[in-house]
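Here it is: the structure, laid out below.
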Amino acid sequence: MNKTLTKPSFTSDYMEGAHPAILEKLSESNFDKTQGYGLDPYSESAREKIRKTCGCPDAEIHFLIGGTQANATVIGALLDSYQGVLSSDEGHINVHEAGAIELGGHKVLTIKYNNGKIHPADLGQWLVDFYNDGNHEHMVFPGMVYISHPTESGTLYSLDELEEISSICKSYKLPLYLDGARMAYALACKENDIQLHDIARLCDVFYIGGTKCGALLGEAVVIPNPRLIPNFFTIVKQHGALPAKGRIAGIQFDTLFSDDLYFRIGQAAIHASDRIRKWLRENNYRFLIESPTNQIMIILENEKLQPLAELVEYGFWDKVDDTHTAIRFATSWATTDEDVDNLIEALMKI
Amino acid sequence: MNKTLTKPSFTSDYMEGAHPAILEKLSESNFDKTQGYGLDPYSESAREKIRKTCGCPDAEIHFLIGGTQANATVIGALLDSYQGVLSSDEGHINVHEAGAIELGGHKVLTIKYNNGKIHPADLGQWLVDFYNDGNHEHMVFPGMVYISHPTESGTLYSLDELEEISSICKSYKLPLYLDGARMAYALACKENDIQLHDIARLCDVFYIGGTKCGALLGEAVVIPNPRLIPNFFTIVKQHGALPAKGRIAGIQFDTLFSDDLYFRIGQAAIHASDRIRKWLRENNYRFLIESPTNQIMIILENEKLQPLAELVEYGFWDKVDDTHTAIRFATSWATTDEDVDNLIEALMKI
Amino acid sequence: MNKTLTKPSFTSDYMEGAHPAILEKLSESNFDKTQGYGLDPYSESAREKIRKTCGCPDAEIHFLIGGTQANATVIGALLDSYQGVLSSDEGHINVHEAGAIELGGHKVLTIKYNNGKIHPADLGQWLVDFYNDGNHEHMVFPGMVYISHPTESGTLYSLDELEEISSICKSYKLPLYLDGARMAYALACKENDIQLHDIARLCDVFYIGGTKCGALLGEAVVIPNPRLIPNFFTIVKQHGALPAKGRIAGIQFDTLFSDDLYFRIGQAAIHASDRIRKWLRENNYRFLIESPTNQIMIILENEKLQPLAELVEYGFWDKVDDTHTAIRFATSWATTDEDVDNLIEALMKI
Amino acid sequence: MNKTLTKPSFTSDYMEGAHPAILEKLSESNFDKTQGYGLDPYSESAREKIRKTCGCPDAEIHFLIGGTQANATVIGALLDSYQGVLSSDEGHINVHEAGAIELGGHKVLTIKYNNGKIHPADLGQWLVDFYNDGNHEHMVFPGMVYISHPTESGTLYSLDELEEISSICKSYKLPLYLDGARMAYALACKENDIQLHDIARLCDVFYIGGTKCGALLGEAVVIPNPRLIPNFFTIVKQHGALPAKGRIAGIQFDTLFSDDLYFRIGQAAIHASDRIRKWLRENNYRFLIESPTNQIMIILENEKLQPLAELVEYGFWDKVDDTHTAIRFATSWATTDEDVDNLIEALMKI
């Protein structure tokens, strides 16, 4: 067996397995025989807990495997053939999903990102401009809006912003879809004023991320109004997103939504990232973007990249200029105080 | 928690969790930090073991999650836009994947199935007829051939048949793709004369099924010639089939291909199904189809369906006539001798 | 310039240009400047005449260029992503459109053809079977029904059959779409009891063929209920089916629906095919299928194929057995009495 | 019949029918019977003339109907499933084709336009950045480059620019595709130094526009290397782009490429646009963009829009600021000296 990473790793939040409680539950239930395709009692129990937590008692909930898959399936289900999905130009679906949305036949219509987010005013203006354009019948119609919370940059929408976006969407009859791949880390931030029941109230579809928040893998797609998408089960199947052993994801979400585990996972990561952020601020590091969640982007002199890489694992983010580079530290439920100490020590050394 | 199934279950081979050795390995490796997207050492170790077992040292191997996803991804990668995939009309891709292949833009071209299989002569004739048709340039071109081993009916190709199909494919320059969702159960049959290295030699792409053969989930897609599909990694991503925690599947296949576990899993299931088959034969049951693998289809009088269902779980397969129905018993690695005893006892009672 | 065909040609109904009245009208209007994209007064006049003829005063009507394009556009507009289109297995969309429907993401679900048609009872049974199948949620859902009139074999639905199919469609909420590529030839048959206003009443969308019925090119897609498909204009554009000079088709349909030209074109062809059919019957030729329209399929001894081909052009249809072949004679508005005389003479010679 | 436009019209170059020579030829050939699907001698003659004019004696040439259709068909044929097409962000395929490219499964990858064009340096930089991005395997790969000549803004590439773009494409193995919807107007400009044989030498596929250059409709897709796209005929059919009466387009292109008609059509339009441009310059009008072809964009005070519209038809182009709007005058082969006089007179009045 090759060696695995031995340096403290802040590369991303999917570098380890699952929260131990999840593995325990998988072992405990291992020999139960249940129906396939998510029709098992574990998945049903997980659904019930999510419905309760989100305050949407009628919600239809499906457990999918991975964010790109969830996005492609939901967006394919919500759009008519001639419609596209509005997204920030930095949106994951626009940049890092290898054309999964286009493979499904739809254009990603972009709005210039603003601190990682779609600014409600920009969304409103885009829609006014579109319908004012005399040629808009020759163009891709907007059919829905995609946002992420936290965003790809680790920033957060405020409740006011989400209310405003939701209200614009309603007035244009555009379903609003929220990608919550890293939802746990938003919920654990003191800066966050959006709770799951707000999301359930303001969005038409959203997913609660498991893979990056302590599960082996799995994302819970929530449709508060169960009449919104007829035959979504079949649509999931068509997208290759219906695991025969659906319970594998169900058991994990059942565990994540027991005893506040999902929230505790977020808190552990934020506790770690807050310590790092504090130290960086006190030591006058430049941030690429101000983000309160588990992703911290700082700008480093290029000559420090290699020395730091010898001590800790981190993510390369972006070239800033000829002499500077943005790098990312991501924490997770598994980041220990010792990991943080090691990171700070490493930064002090270089 | 709702109750799980308590009767002996022969509904399918994906009713329980994973082989305990897999859960053990997941727990053992849980806190290692590794790279994502299948670039971790566990996945690499699994690949190396599969390459060795299949005798294809250069093979490109990717771990996907689920058969429909694997099929859609591979078929999408192999076909040009104007080509379709040749399949038995009972092929999984033609019937039970909710149009995943068509969602990717391709027609499934069908050949009448013959004992669950494509008969080589039928394939040859189809191709002769196609190219003889004066209008074939107005039709979907055949671009590849899809077979499954074991088939959807539980039957097996002979090595001679596979050689013949492969040779037809080569002469028409059609890649041959083999769906091995239940491969372990073929490999464990004494009637089977096709080994993994034959498949690697005769097929252009194939997948070794994990989900239905003892894993939590996961399928290993093997491309013996690594130059066959450029940028397959990106194609996998585009199909939403690239889990961030790729190691979850990698660890499972590393375990399955250690100490012959994959073969032992098959043997356990075939041991059980052989016992059942023997008893059924001795008691003059009618078989819908003669299959040597872990799926047994028998034809039952309708009035016996309900009494049997009260004693054991089984799969409804097909209506045969107004008074008879075909049902399926599927065994798995987890089927115990006691389960088989219970099934036989139940059949004796009704 | 190479030589054009000089033998009498019965190969198909699209071997010549357009009815002279159409060319005249194109010349007459040539220097008028009008808006593009079908928003011109000629197109509007054509629409008004078609609405009147079909008895659907509110119908939305678009002029497209070609049958495959019309089919792909309408079917793409009517289906949700997970739905397929029900068709006879001989349906043009299933066989001779090179996978245009699948390119749009949809499966063609087939019903065994019956005298070229979908038998209403077969349609009903297919739907009962589908919804009774315990696995139907893993399968492509039927989303609409496609029929052609006349059929690809030249046969005709009766009004009773069309009423029955329409009623089944309504009860399953499946839009019914009728491909009228050769509509003029149906309307001119004395055996036909379906008028355009019946079609407009019983179908949700249909197209009136121009290309094969005397136009240079063009098909009129009629949607009796204009609220059925929102933004169909944009869908047409997305399918590359919106000619900038939309008037070219509009002017042609305006001419075809003036002075009963469309009906007269059909009558000329049927007059010719009736003469041929009568002679063939009197001379005991075997028909492949009994068709009353402009397509006649007979079965000929193979040794007569070449001698006949030296005297007239005809269409090769299908191999019947080792010594017989089915061939097709198609008449059109341009077939003259002399052409028919020559064909009969040729048949007498061989 | 509603009235057609009676004011001089500069709205676009597709407001009238066809050049009279085309109608004449259509009439003259009308009763010839020929094979369908572009296999007729007229189409073959047209191909031969185009091959000669372009200096590519082996070229495969197909006649399609409309630019969006040609673009979707060619781009669908050239790209693998995981690839996108590089285009200026103002490219017709990115803005005004209603998502036709995405319907075919492909993303349009955009480069900021520069005077209506892709600047070669920007293309080179985009490609360097893409392959330098550590995450590019999670992104849509560039699979080809799309440019138009003249551009959507009426500007022209220089031969040097085209050589440079072609050379970048070659070094990255990206096919270069040129959209020549308005090619005739480029060829007639004294500022243009790119001839058809340059395009045939430097591009992998291009189309010569008919619809906007004097034909009723039709675009000639030219593939200089006939082995580039196997089975393009079938791909055309699959896109609904293969008219049964293929000769309708063939006859038109045969006429356009006889007696230099295509070039004379361009010259007529440029003669008219040059007169307009000269007058506008002398009268100090502001141009939105400097374009030497048949499209002239000027910036007008908003209060002059309505008075001008009462005297001539023109195209609304874009809002410039709160008090100014860009409008377009397009000339065509049918623009007379009197039309130009009237336009100038109208501009003098307001």
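For the reader, a short list of remarks on this structure follows.
Each chain gets a letter, A, B, C and D, in the order it is written, and its residues are counted from 1.
Please note the rule applied: contacts are C-beta pairs under 8 Å (C-beta built on N, C-alpha and C of every residue); 3 or more make two chains touch, one makes a residue touch a chain.
If you're wondering where the values come from, they're calculated on a predicted model, not measured in any experiment.
The chain with its CA mean position farthest from that of subunit B is D. Interface comparison, C-D versus B-C: the higher number of contacting C-beta pairs is recorded for C-D. Between the CA-based centres of subunit A and subunit C the separation comes to 50 Å, rounded to the whole angstrom. Here the spacing of subunit C and subunit D, counted between their Cα centres, is 33 Å. Subunit B and subunit C have Cα centroids lying 42 Å from one another.
For subunit A, the set of residues touching two or more other chains reads 76, 81-82, 97-99, 103-105, 137-140, 234-235, 237-238. By the touch criterion given at the top, residues 81-82, 84, 95-99, 102-108, 134-135, 137-140, 316 of subunit A touch subunit D in their complex. Chain contact summary for the complex, subunit B toward subunit A: residues 1-5, 9, 11-12, 14-18, 20, 23, 26-27, 29-36, 40-42, 44-45, 65-73, 76, 97-100, 103-104, 211-212, 216-217, 234-235, 237-245, 247-248, 313, 334.
Note for the complex: subunit C touches subunit A at residues 76-77, 80-82, 104-105, 137-141, 230-231, 233-235, 237-238.
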